[in-house]
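You will see two complexes here that share chain A, one where it goes with chain B and one where it goes with chain C.
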Partner chain A sequence: MKTNIEQDKLVIAGHQFQSRLFTGTGKFATSDLMSQSLVASQSELVTMALKRVDLINQSDDILTPLLENNMKLLPNTSGAKDAKDAVFAAHLTREALGTNWVKLEIHPDPKYLMPDPIETLKAAEALVKDGFVVLPYMHADPVLARQLEEVGCAAVMPLGAPIGSNKGLVSQDFLEIIIEQANVPVVIDAGIGAPSHAALAMELGADAVLVNTAMAVSPDPIAMAKAFALSVESGRLAYQAGLGAVNQQAIATSPLTSFLD
Partner chain B sequence: MSGFEQVLARYEWDQQQQRIEACTETQVVRAINRAAQAKKLSLDDFQALISPAAEPYLEHMAKVSQQLTQQRFGKTMLLYVPLYLSNMCSNICTYCGFSMEHKIRRTTLTMEQLAEEAQAIKELGFDHILLVTGESERKVGMAYFEQAIKLLKQYFNHISMEVQPLDTDEYRRLSELGVESILVYQETYHREKYAKYHLKGKKSDFDYRLATPERVGEAGINKVGIGCLLGLEDWRTDAFHVAMQLTYLEKKYWKMRFSLSFPRLRPCEGTAEINSPMTDRQLVQLICAYRLFNPQVELSLSTRESALFRDNMLALGVTTMSAGSKTQPGGYASDDSNLEQFSIDDNRSVAQVAQAITDKGYQVVWKDWQQGLNT
Partner chain C sequence: MLKDKPQHAVLINNNQWLEIEPQGLMLSAVINQLSLVESSIAVAVNNNIINKALWHEYVLADGDQINVFSAIAGG
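Coming up: the complex of A and B.
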């Protein structure tokens, strides 16, 4: 056995996670449904948009259930168009929610929500210096992943496909390079639309995945959350067990090397 | 000539109307299928979806519209409320209750009254407000806005404005003050007919109004809402122009967000009859067509429409709604309907609307912005 599967725990910035499935709070029909789905997913890290939560009273349809269920909060900076916005948002949440974890999201393009590489790198550097645990949402760009790692990000979160698109791992070839090169955990974020996509990400060697839309928008979010939990576990196990190579053709007798016999 | 004015100049209204009317069912089916496969639709596709040929396919359009909307926005509905600052107006517009020639009592909220109004609205649960005025540059101009916005920022995270078109520098100032969104409707894109509805005042300048979203974009404001007043001219042709302007703006201002509104003319004080009435069915067709054409655009439905219509539309493409609206200045803190711009149709309280949304299996969103972002 390559690794001790029982001992296989994800650690980010010193924090240990049992589950490699991260989730989000967007798009659910009710607060109850969100809460039950997140519980069913067994996720321990949940992201939510600063702009959506009531930071003053901290008793709204998103924050209350998360706090009640003891979930680790990963506030995100969605809505930020540049580094300045994102740094502002991160400080605001740290002050209000008492966590220094932040999912850094900077998308100046509100249509496809594509992450801005330049502003993200700038903000990541500043936030790490300010003592934040920074998990940046990024394009599947291997060079950028290395740069974000170098400025001190605790993990990188490259996209599989545009946010909410459910298109799966459109960026697979580049994700594989990122996974190969990374010295910090790689969390595949955005685009994962089906449990099979999540399983694939894990089989490729991703350390975790983040899923929101595919759960929240499913006709049965709770069942779908469970399906994702199983697929992430199964994908991880398969990765550890070691996948066989895919053979395009059977290996026949060896006419090219038979002269050696 | 503004950028979009040049685009508009390439289209001739009557020809465009004919093109829409000549669309075939084959074109409609193609457009619906493409949208269902999450493919980008062209303006030609949109033209087919708003054509008479699409009428038999309304149920199909509604299904795809629902699916696309849920995927992007989830099962959520953002609620906002209009806050009327003033009904002073120096325009004469033949369809509007604030029109200058109407002998109605004119009023502009003082800062004290505005604070009372803000407090009353805050107690209803809102965090997103839309400031509305007539057009009275001297009494309700930038100096007034500046004071009002500074006051309102103490209460609300998200402020939109639907006021007279302003200059780029003025929008820049509004952006600095924390205004997130500007709504400006062209009313009709039919240049000649526009002149017949807008008889006097600054609003009679078609091109200045047409270029407003571009000035908003240049000023770096986050979002612009466009639309036309349905009922003035052929709704299909006007809606086509809205889609065309949206396409133009999206390309030019890639950091901007957009919303579309589809107000239907409603009777109000002394207005002319509705020239081109639109049925409920046709409004559903238009809303679904907008959604299939653009899965990301926000679609906003006001209390001009009935409770029944709104409750059914909230699952078919709409993402934002007003609720409990009063269309007269000071309407929340006190109730004097004599001053209203138009009478609304959905008269339910905010709590009743929120309950209806919940009953449909949707979550009400009260807050979706944080002041301080984008400043």
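Coming up: the complex of A and C.
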């Protein structure tokens, strides 16, 4: 058992990860703070978006610090409103960043950013055929998770709660079903607002979590990144060790022999 | 960069016109002119993505729409 825990590695599409904490690059106050936080998180897979270049005010170079720290890039298709947009966006990211890994996300509604299941499944199928390693952001829908797996997605990324909401695992019961049924890694994405949420996801048997907002908006993102790294490691270890059964009634920890008799 | 279309020009990122010679202009020349980090951008002409290796042989014509994309922070 001990050996298994020590050898515990996450593999997605043949790529091995030491860390089960994936991170995003959004919302950090500065790109310097972003790269320091991501290094502190020990994350090896990092998301970013793609946008039309602003020719007047060119934005900060976020790629150099990520690549210098050997982080694998996971560009997303954020901004895509349907499958057609997402497929185009994925091809752009492959051309721009030279990776065939893509975080497929299609959320037409800007208020709750709920992923569109029908368009996501359509795009996933097309992108797998085009040779992409597809990691779809999806609702915590066990049926959809299976369908995405069947069309060849390398992992599934069900949400805990709406993106950036920090609400935690409001979808817990359905995440548990997805984890139970999945034959590909399950990455809990979105809504994880505290290290305790990440630890819970890992204790439930998730293969990894993706955290962005909770780190980026903390007054001390570097310390928060470390806290998440510890919680993910702790939760994974607890899952592997095996949690005790939950009981309604007390079960004594100490012998109940009455020593005063 | 111009807001109104000259006689021979290509449209960049849906908002800027770049004047070109009547006989056309290489895509690679436009990219050079925009001083972008070539290694991490993607370019589409009329919504078709043009691979970096082909920029030096792709001749732009009057009215072509060029969109240039690069990575930004995101989750």
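By our rule, the second predicted complex is superposed on the first by the 237 of 261 C-alpha atoms of A that agree within 3 Å, B and C clash if a C-alpha of one lies under 4 Å from a C-alpha of the other, contacts with A are read in each partner's own complex, and residues count from 1 in each chain.
In this text, a contact is a pair of C-beta atoms (placed from the backbone, for glycine too) under 8 Å apart; a residue touches a chain by one contact, two chains touch by 3 or more.
Just so we're clear, the structure is a prediction, and the values are computed from it rather than from any experiment.
On the superposed chain A, the positions of chain B and chain C overlap enough to count as a clash.
Of the two partner chains placed around the shared chain by superposition, chain B is the only one that A:Val217 touches, whereas chain C remains out of contact. Contacts of A:Leu237 after superposition on the shared chain: neither chain B nor chain C is touched. By the touch criterion stated above, A:Val53 is placed in contact with chain B and with chain C alike. Of the two partner chains placed around the shared chain by superposition, chain B is the only one that A:Asn166 touches, whereas chain C remains out of contact.
In the superposition on chain A, contact of A:Leu97 is made with chain C only, not with chain B. Using the contact criterion defined above for the overlaid structures, shared-chain residue A:Ser31 touches chain B and also reaches chain C.
In the superposition on chain A, A:Asn76 makes contact with chain C only, while chain B stays out of contact range. Contacts of A:Leu63 after superposition: chain C is touched, whereas chain B is not reached.
When the two complexes are laid over each other on chain A, chain A has residues 26-28, 31, 50-53, 55, 60-61, 88, 92, 164, 213 in contact with both chain B and chain C. Residues 38, 70-76, 157, 250, 254-257, 296, 358, 361-363, 365, 367-370, 372-374 of chain B are the ones that touch chain A when the two sit in their complex. Those residues of chain A lying in contact with chain C across their complex are 24-28, 31, 34, 47-53, 55, 58-63, 73, 75-76, 78, 88, 91-93, 95-97, 163-164, 210, 212-213.
Chain contact summary for the complex, chain C toward chain A: residues 1, 12-14, 16, 34, 36-37, 40-44, 47, 49, 51-52, 67-75.
Of all the residues in chain A, the ones that touch chain B in their complex are 26-31, 50-55, 60-61, 79-81, 85, 88-89, 92, 108-112, 164-166, 213, 216-217.
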